[in-house]
Amino acid sequence: MKNLSVNIAGLHFKNPVTTASGTFGYGDEFLDFIDLSRLGGIFVKAVTGKNRDGNAYPRMAETSSGMLNSVGLQNKGIDHFCREIYPRIRHFDTHMIVNVSGSTVEEYIEVAERINELEMIPAIELNISCPNVKLGGMAFGTVPAMAAEVTSEVRKVYKKVLMVKLSPNVTSIGDLAKAVVDGGADVITLINTLLGMAIDAERRRPVLSTITGGLSGPAIKPIALRMVWQTHKAVRVPIIGLGGIMNATDAIEFILAGASAIQVGTANFIDPSVSVKIVDGIEAYLDRHKINNVSDLVGALRTE
Amino acid sequence: MTFQKVVQVLTVVNNFRLNSRHFIIDLHAPSPLPNILPGQFAQVLVDDSPSTFLRRPFSIHSVDFGNNTFRLLIQIKGEGTRHLSKLKPGDSLDAIYPLGNAFSLPLTKDVLLVGGGCGVAPLLFLSQFLNQNYVRPTILVGFRTKEEVSEIEAYEKYGNVLITTDDGTEGEKGLVVDHSIFQKERLPFKKIYCCGPDAMMKAVAKIARMHRIDCEVSLENTMACGFGVCLCCITPTDKGNERVCVEGPVFNESRLRW
Amino acid sequence: MKNLSVNIAGLHFKNPVTTASGTFGYGDEFLDFIDLSRLGGIFVKAVTGKNRDGNAYPRMAETSSGMLNSVGLQNKGIDHFCREIYPRIRHFDTHMIVNVSGSTVEEYIEVAERINELEMIPAIELNISCPNVKLGGMAFGTVPAMAAEVTSEVRKVYKKVLMVKLSPNVTSIGDLAKAVVDGGADVITLINTLLGMAIDAERRRPVLSTITGGLSGPAIKPIALRMVWQTHKAVRVPIIGLGGIMNATDAIEFILAGASAIQVGTANFIDPSVSVKIVDGIEAYLDRHKINNVSDLVGALRTE
Amino acid sequence: MTFQKVVQVLTVVNNFRLNSRHFIIDLHAPSPLPNILPGQFAQVLVDDSPSTFLRRPFSIHSVDFGNNTFRLLIQIKGEGTRHLSKLKPGDSLDAIYPLGNAFSLPLTKDVLLVGGGCGVAPLLFLSQFLNQNYVRPTILVGFRTKEEVSEIEAYEKYGNVLITTDDGTEGEKGLVVDHSIFQKERLPFKKIYCCGPDAMMKAVAKIARMHRIDCEVSLENTMACGFGVCLCCITPTDKGNERVCVEGPVFNESRLRW
């Protein structure tokens, strides 16, 4: 039996496979397809202070080996989350981690404070990188000083594991990573979507109502891998890597590049059972390579 | 029979052309079918070419629970549907189903079904289902031209069929909303079910409102997941943005903010 | 007959279809496949001051709908270009534009000065964005002040049309674009490749000898389109757009987003005759949409 | 016959398995073949799946100028070759050919050909060509196991065939360089042509150098374009980095800086 468990900032994950915020709902939509307890963790959809309707339809465009979305943080707000959703998901036998979003530092603080009180939520993931909201969001994520500020303000009120999810739409991911670590982040998640655009040539219009949107899927994997690798060189905190992971081989690549765990995002849409297949595939890889602990692979890329 | 959604590799048992743009595909499941209701759809994995990265949604056209098969009626639009049109018996097809809600059972026997283009797809299954519930609907179906008129005999088993073609080569000339049935001052229906292009459904919904007839429409928004997690397929309703793949595809038109 | 010609900073192009530097050699490798005179222009492989061997093998990794390269500006230097290559290509009946690279501002100036003297070269494209050289290159392209400096220094010695090719690996493409326009650029080309990485999970090694490399192909098209659109909003100089263009529809999308001309890059590897097919496809689009001049489509995206 | 490179849609006339990992595909051109020399290769477009975005290079295994067909011998490695193994007669295949340089004509009759795995591919065409030039080579081919030993009769038409298998189930046991022919103090060859995995070619080149025998090898670097413009396929030589797809794939081993 191989040991698939990883320890991330003191939190024990039964395996390194988790699911990405915004691609897995609150987990319950997947109950028909998989046994959630087989996952290392689930990152639930972004929660903001107030109810948000999100952007207008159309919110999606298919692209070569990927897709653009401009959902825009649609959710019913933190009150609704605590009252309606938390009771429904708290007993899932896996780490339920909440993705926290906002338009202002105050909103991040407000949401983080409330979630701090929810016993069965062991960590939050600050989403300072969503390209689909006009205020805040993207701006926090692309300027190191602002990223550090929102992180350190949330750090003051949030006592459990603080993860910060970075935007890839920056010149230097290492600078961003250092800034949020200085701000008090325990863990870095990356990458969020890359800002992209799709045009319908026949109608001569943008496909998305918001003109631009976030690119995800295998198309972005090479960029995500590079950023995980650069971040792994830049900071010493654990990294959760994602971006275009479709199978166990992709997951291993992220782990070799320096990720202690991975998230499966867009792939869930194509195969809702893929996350569990990735757990099995990682185990098979360890068998084939006669490695006992998956943690021995973290950052184990041979570059000499 | 369960109500569970499944992701399954199905076997193509039949694939035949209705005309140059439409084809029908029969799929066989490896185990007893879950419960499927009219209006529900399947998310089909085309292949792994870059232009068909996401699954494609298609309404369930009819179901044969006894033989564990169901049928899709597909119009060729782009890469994905063109590829599906080439599948041969024995090929496999990965599908997630059944997805979405369903048409509601009518509280009346005066029922009209209106379908246009590939929007007729869910109406065959619906007619069959209505019959099982002792309702024999009027079925108004619109086509571009005579060549595309198809499956009329199948519909006639379940109801009284009316036809329009854009060019008048069969049935009445014009769009479905131009049909003489709508010219009457009082329409003899208490429930309309409608499926087709947005513009058509809006026009039918407008007529229904004018005549205070209860009307359900089936939307075809673009989808990424099809089972409620991506929030890409939303439509604005009286309850805010709702997911067409879960709260829909069938909506009572009175709830929609089109 | 549709009018496919475009005027870019005073240069008349017979059509908006050109080929991207580094993907078309010096044009002559394509003589077996197409009639070069059907193209609007050809951007030849990067020329530097001295001979460069480029990076070690392996230099290529295939990715989902794209590829990574780390060629690293292999070329025989400006002397060799003037002596051996220029005489061979000067008579091609299309605009032959030279992509100029370097590691220092001095090297850019040196090469630009020499090319200024070559009568049949109507323009240069400053490559301040190649991710595959250690010195300069990438750095120039990601810091607005440096991008402006190298542009204005070259502007002093180069009298013909000065194009500057931008790197997409930046937080704000608009800021870069403004900087090089302030520096004296007549035309902006974008995008160059995105920095990416590929890992061979079985061997636990990077695929490329340089670990990271430049991502090109349809995978990056949504990002490229977005950047062309943003640049079109930010500056008033003509834009030459590229990134993942595989067919005429893609080309039209770039033109609608604001590009006056486009470059075909990686697609040449898959179909060496694709550039001419794109010329034909654009003409067919104009026919279908009853548009007389392709220039009427430039930036004609309907966003209201 | 021209020397032009062409990009052409060819028709598959035959596709048959040699064993579980290797297959042969015969391709028919719509017009007379251009001139093709042994050692040259074709760049084949697999399909448009994301994992086979680029073309795949394969050596020309043999040519039938009279019938406008040529043959590829392919080993299944990944997605691309797996997909090609499923092509059926009548299917089309887009190829650019002929690419690269060719083996040089020997100035001697004492010629040894050494091939391992799918590296044997260009050697059949080369043997045929040598025969036409009145040279009957010795042909040493290495396989993993008896099951994979194939086409021996074809080679025997053109030369004296020696075999090794890794497991000794046919011919001599071991790698090609372990063959007893190399144990002699003086080897009876003045020219060696070699094609196979890098490690094998290096080992053969080392033997050749030791015995001062002229030796040409055919490299299989990864390629993006295959016709000289991307500079991805380079190998360091005495003239700096040269393109394997234009200056190669055949190099005299003395020029390589492996």
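A few notes on this one:
The first chain written gets the first letter, and so on, giving A, B, C and D; residue counts start at 1 in each chain.
Methods note: a contact is a pair of C-beta atoms (placed from the backbone, for glycine too) under 8 Å apart; a residue touches a chain by one contact, two chains touch by 3 or more.
Note that the coordinates shown come from a computational prediction; the quantities given were computed from them, not determined experimentally.
Common neighbours of chain B and chain D (chains touching each): A, C.
The minimal number of chain-to-chain contact steps leading from chain A to chain C is 1. Farthest chain from chain D (centres taken as the mean of C-alpha atoms): B.
One finds 47 Å separating the Cα centroids of chain B and chain C. Look at where the CA atoms of chain A average out and do the same for chain B: the two points lie 36 Å apart.
Within chain A, contacts with two or more other chains are made by residues 63-66, 217-218. Residue positions of chain B touching 2 or more other chains, listed in rising order: 50-51, 53.
Contact topology of the protein chains: fully connected, every pair of chains touching. Chain B contributes residues 50 to its touches with chain C in the complex.
Those residues of chain D whose C-beta lies close enough to touch chain C in the complex are 4-7, 45, 50-55, 96, 221-236, 240-241.
Looking at the complex, you find that chain B touches chain D at residues 47-51, 53.
Considering their complex, residues 64-65, 218 of chain A touch chain D. Contact residues of chain A toward chain C in the complex are 61, 63-66, 68, 142, 169-171, 194-199, 201, 203-206, 211-212, 215, 217-223, 225-226, 229, 244, 249, 252-253, 256-257, 285, 297, 300-303.
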